[in-house]
Amino acid sequence: MIPKPDSAVPAVAGEGRPLSADKGKRRIEWVFQSMPVLQSVRKQFIRAQPFAGLRFGVSLPASAETANLLIALRDAGGSPALCPAGAHQQQDVLASLTRDYGIPAFAPDALSEVAAWQPHLVFDDGGRLTQFLHQHRPDLLDNCLGGTEETTEGVVRLKALSRQDGLRFPVIAMYDAMTRHLFDNRYGTGQTTIDSLLRTTNILVAGSTVVVAGYGWCGRGIAARARGMGANVIVSEIDPIKALEALMDGYRVMSMSDAAALGDVFITVTGNKAVIHREHFEKMKNGAILCNSGHFNVEIDVDGLTRAAASRKQTPADVEGLGGVEEYVLRDGRRIYMLSEGQSGVMSAQPPASVLDLSFANQVLCAEFLVRNHSAQERLKNKVYAVPEQLDRQVARWKLDAMGIKIDRLSVEQEMYLSSCSGGAE
Amino acid sequence: MIPKPDSAVPAVAGEGRPLSADKGKRRIEWVFQSMPVLQSVRKQFIRAQPFAGLRFGVSLPASAETANLLIALRDAGGSPALCPAGAHQQQDVLASLTRDYGIPAFAPDALSEVAAWQPHLVFDDGGRLTQFLHQHRPDLLDNCLGGTEETTEGVVRLKALSRQDGLRFPVIAMYDAMTRHLFDNRYGTGQTTIDSLLRTTNILVAGSTVVVAGYGWCGRGIAARARGMGANVIVSEIDPIKALEALMDGYRVMSMSDAAALGDVFITVTGNKAVIHREHFEKMKNGAILCNSGHFNVEIDVDGLTRAAASRKQTPADVEGLGGVEEYVLRDGRRIYMLSEGQSGVMSAQPPASVLDLSFANQVLCAEFLVRNHSAQERLKNKVYAVPEQLDRQVARWKLDAMGIKIDRLSVEQEMYLSSCSGGAE
Amino acid sequence: MIPKPDSAVPAVAGEGRPLSADKGKRRIEWVFQSMPVLQSVRKQFIRAQPFAGLRFGVSLPASAETANLLIALRDAGGSPALCPAGAHQQQDVLASLTRDYGIPAFAPDALSEVAAWQPHLVFDDGGRLTQFLHQHRPDLLDNCLGGTEETTEGVVRLKALSRQDGLRFPVIAMYDAMTRHLFDNRYGTGQTTIDSLLRTTNILVAGSTVVVAGYGWCGRGIAARARGMGANVIVSEIDPIKALEALMDGYRVMSMSDAAALGDVFITVTGNKAVIHREHFEKMKNGAILCNSGHFNVEIDVDGLTRAAASRKQTPADVEGLGGVEEYVLRDGRRIYMLSEGQSGVMSAQPPASVLDLSFANQVLCAEFLVRNHSAQERLKNKVYAVPEQLDRQVARWKLDAMGIKIDRLSVEQEMYLSSCSGGAE
Amino acid sequence: MIPKPDSAVPAVAGEGRPLSADKGKRRIEWVFQSMPVLQSVRKQFIRAQPFAGLRFGVSLPASAETANLLIALRDAGGSPALCPAGAHQQQDVLASLTRDYGIPAFAPDALSEVAAWQPHLVFDDGGRLTQFLHQHRPDLLDNCLGGTEETTEGVVRLKALSRQDGLRFPVIAMYDAMTRHLFDNRYGTGQTTIDSLLRTTNILVAGSTVVVAGYGWCGRGIAARARGMGANVIVSEIDPIKALEALMDGYRVMSMSDAAALGDVFITVTGNKAVIHREHFEKMKNGAILCNSGHFNVEIDVDGLTRAAASRKQTPADVEGLGGVEEYVLRDGRRIYMLSEGQSGVMSAQPPASVLDLSFANQVLCAEFLVRNHSAQERLKNKVYAVPEQLDRQVARWKLDAMGIKIDRLSVEQEMYLSSCSGGAE
């Protein structure tokens, strides 16, 4: 039997915690106004009720932004239940979600509980809930219309499953959306990385030399922002086309071996391992700062640095702007500073709510697309799909609306012209 | 019977024109040193002789850059013949090509003559030679291993042919190469447009408001360069995702109707027609300057402007920096200036040779790919193909080499890491 | 009788607070390495001992940076005593100063105590200590060789005193130093303002419209950094020359009345009052953010905003990135956010230590200049002086040295050329 | 006897040259509309007639812009006569000036003739006319109310004269005006230098390394524009404060010795001699381009380069974008390219008319100031003066008006606030 939303026993929001729930409510309301695009979708779906009778199993970080996503699903007729993913949970938000919005929240990683919710749709972050359903609750899979997955890591897992014909419902990879590349990676990570650097070290960026390893979307954003703050930026890349692009964008481009001796700050966003390693530590200037903004914590060889260091200590957390920095003193006396132990997930600055706004609005649209498609004649296959371009474009359009920006639309004549010839000069 | 290269009677290089040929030779030699990537390919192929015994039918603009391309083909064992395409031919280059390099050059648009050359490979610019062969010399098609096409317009035609199963050899669309997007469109057109604006009007860009219509690769480049010269840039776009990108890049974004009253300079790069039309002329400031950098001459409605104008005159060509500008005086006395009669092909500034260097080097690699592939077991189909990614990457690598830039290569461990998981953070 | 340094009873570092002093010591040591220029001066003066036998009365904020300044004075032979100025004192630093460095620190604003120290040189911040000595301890003035003053506000007061022939020793206005303009105002305030904005609001700067009121050194820096983070920047100015400069730098320039309706963020750095007032609040967008980075808290008419508001509340301080923001709900429902109650002094981000490094190094050089000059034949008058250009230049040179930057020096021939003709193209 | 304007026999505008004069007239009229600020002054002075009865001796380059200046003087009641200065004269403009505007123009450098015009006011460019009057026509000096001087070089000469008490009328140095620094030097020279580089070499600036010697106003402008076109910029400076500023602006800073091996393009704007000399040529990359944008032709040691070169030849002038470039082949085979023989005066791109607009409007205001002051009780001394700040500000205000920009004015309250305290945060 499926637990009813209103009878669900939330794991975290025990009684006697009204204060916490109050605080959570204020946070949810506060973030609400920074997510205008999600609200646009919500408003439209309040009338249409596309999710009437459908349960959502949601495995996302418990934050005020996620709360607003869940509320939007609820207001569109759905019955979402949250199983918080990841290490950092906002307890007060969970408390308010249950108390004030009637949305059940289970304990972190309580995958079997959220599975018992018998979801029709799955919102996943890392592919763990989807995998759990396939491995432990195959009986529920016929019930599932589809899912979305946030991360590239999760997508890799689900694609592997799909190649073995094991995937039992279609999944949309949120990561590939243009609105995500543009916002989350280029502009979001670009700003957040600089923000984290300032909060933790309070160095003057102007006049410093910043080495950015990797010139993908994130790297482009970080390089642009570092230059925008007055840094002289060096890019290292293994892909010659991206390297050439960085060069044409006015940056210096060189191997990490050559850059190692020049940088004041090193930021890695390559998706690869040991991009900065022992050979590089040996060449670095006294006082060099290392920071990983990539997806995983392997980009900087922290173990190698630890072995190379004579000592290692946390910097005074109470010194203004020096939380989360560790000082490694090398045998020759040079000091190297590492932010957040080389992990990017726990960097001090959070992405702006307006960035998640686009991702989450897109996610609700994708869910509606999965539902609508399920009842269509020609159904999606049980594969991993990219975000349909028209949804991506719709999200961008609502974002422009929310910012009060008007753009042109094609005239009939122009549409005819474009379809008759090549058109689309780049 | 195929005319032998050395017996070919060149249409343009008559006797008694030694002076012109001398000048052409100097131009060819001069440009040589600005095309290091083409020279890298040439050097490699001098040894390999991949084109031994193969004839090339080349329909490209007759320029010193094209001459260097032909010489590279010749030095790689090939026998190229040139049928100059387009309106602007450098006669002295043609004279030198024949006299000094033994490369036959026919009259402009002498397609039947270049067809009689019985080419094994076709280098086309607009698809006209390929179409001619299919329509008028089908007997020669079995002989053809493949071709390349420069323009989007040509690609559209050849794709249409391909869809009707009419295409008889594989064609590679040069336009899609990343090295082309990056160089030719973003950086090349970006610079050339500003250059043309300065040469023809000599306005102070700093402090002016520049409206860029279209935020594709060209538009991004132009907007970046206009800002780089101190302009305040407004972007108009019909695609909401590109519009959002422009906004995030710090530009103002609005409809052309709203931008019309604000701009000092208007530059169109949309690939669409009538992007600026009567409604907009009516709102423009006195002294507004119009410039089309898109592929065709339809982006600005010149006819509409002519009808709206009370008079129209060429500006004094002898005034420093005022060649190729026409002044339209509207009925209410406002003056509007149009560059190059709304055409982009005849703008005064030529693209830098270093931009064509990449395109042409890529083209030689593509020809070698077509030849090699032809004798492979699994042959290409008679379709339009994108430039193979590894060729594109090779060109970028040679360009970096030519600029003295060293980049990292993946270690074995890193390759394993990337193939084992998702990798490739963006 | 003058209290001896080692017998001074510090007001703040009571017994039983070893932990606090330990922490202060770590902070002082930590900041030490971010002040290489101050260390260059210190090293030089350790040998020269220019301040042997001289007492310094120092009225500066109690921070780890100030501590390093005092230590440098001590190591140069001087005997400094600190009377902490301003509201925000680092108690642990004060504790360590006394315990570990033998430098007496009095209670905040204990001007009579620091006067009793009978200083030969005064380091002032706001002119209060200098005024106190003139008004209450004229007996000590003959003893004074000179002083330095940090702020424009203090300089105004001392110049007024000087005009009435009341100033009894020469004062150097630190504010006018080029190294201060460049660092503290343009680059320091530029970065710190953006940093504060991010820490308190966590908005995505890219794509937002930022209005900067005032285009002096600070305004130039803030505008450049806001643009560097992806904002579209509008400048308002009352000086037509600065307004023109902003325009030429590519910004939009308009009156605050016109800008009010367009901005997402408003930053004031004019030095004037009520730059943003009721008329402007009425036009602002819902969600507009107000931030004063000027010297005083009068730039934004907070009282006017309070009167215009129906309600006012602190935003949830625990929401990531929302400390120190107040929400004003206007009668028509629009919300306006005010950072730090319109005060610039308490903004959350501190200036980087490397910025204060230049100021404090300059200050030590100025003190030495005052001492040396005092025994020179032609003494300084009892006026307010600018920082001698050669000292400013020396500080810049040491900073370059500390960053490992080498620059050219004039050859003898070049010196002769410059002195023989105009030279110095700008 | 003074030659009457209408009876003056112009040296250049002989009969039978109507065509030339027609062309000149069109040029004058064309430029008219690009000089709105000069027209603002002119309109105001048409009513006021401040120059009624006053003769102007004008020694400026003969251009359409100068013609508009002379017409403005005439319309304000004055009687100007032109003695063209410098090598490059626009003959057709001279022809039209005389025929169509009744303004006499003498032969280039005919100083005695323009002296015979018995000027009340002198507009000089290089100080030669002023010197001529002092040396050869001291009898006319009592007649002179004052003068203006354009160049720093001229100012140096006149200041030398002034120091020896030899100057017999007050002179205003136009060079020091803020509107001149900002426009002519930073934005004007910044753009014109890039423009000249593109016209003569047609290199792709993006991805190149540009070395700028000198970080004064011109250098700042050139560096900003080179970066804006995608270059990686290196600055060399001898002044440590300017060097530090360049560093904080995100450029690399180093000695020319170190930069020599790195640059693709070298631009000198130092005002000093031999900034680039033999030692540097020896380190340069093959293909390096040298360009002087400073005031004189001594910045690059052309003689040294000639001696170092094995051969030297003009590049093919007909090759697109290669006029005015000389190729020096060094003994080791490296080629170095020199623009305009190291001279800045003959670079191919002219400054935009809108730049001269400000200078010339300022000049007319200064003339009126000299006249008004002459009859004031407290007259100017016979010295070299800076441009009065209020005139500079007035010019900026008119420029803003011409661009349709509105700015705020101080309220009474704000004025009081500013005068009561320090105000003016920077």
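For reference, chains read A, B, C and D in written order, and residue numbers begin at 1 within each chain.
Here is the rule we use: a residue touches a chain if its C-beta (ideal position, glycine included) is under 8 Å from a C-beta of that chain, and two chains touch if they have at least 3 such contacts.
Worth saying up front: this structure is predicted, and the values here are computed from it rather than measured.
Chemist: Identify the chains adjacent to both subunit C and subunit D in the sense defined at the top.
Modeler: A, B
Chemist: When I count C-beta pairs in contact, which pair ends up with more: B-D or A-D?
Modeler: Of B-D and A-D, it is B-D that has more C-beta pairs in contact.
Chemist: Could you work out how far the Cα centre of subunit A sits from that of subunit D, in whole Å?
Modeler: So the centre of subunit A lies 55 Å away from the centre of subunit D.
Chemist: So how far apart, in whole Å, are subunit B and subunit D when each is placed at the average of its C-alpha atoms?
Modeler: Distance between chain centres: 39 Å.
Chemist: Which subunit C residues touch at least two other chains?
Modeler: 183, 187, 206-207, 227, 230, 244, 247-248, 403
Chemist: Looking at the complex, which residues from subunit D come into contact with subunit C?
Modeler: Where subunit D meets subunit C, its residues are 151-153, 155-156, 178-179, 181-183, 185-187, 214, 216-218, 236-241, 243-245, 247-248, 253-258, 269-274, 294-296, 298, 392-394, 396-397, 399-400, 403, 405-411, 413-414, 417-418, 421-426.
Chemist: What part of subunit A is in contact with subunit C in the complex they form?
Modeler: Touch residues, subunit A against subunit C: 23, 26-27, 30-31, 33-34, 64, 92, 183, 187-188, 190-191, 194-195, 198-199, 202-207, 224-225, 227-230, 287, 315-316, 318-322, 335, 349-350, 352-355, 403-404.
Chemist: Quick check on the complex: what are the subunit D residues that touch subunit A?
Modeler: Its residues touching subunit A are 206-207, 227, 230-232, 244, 247-252.
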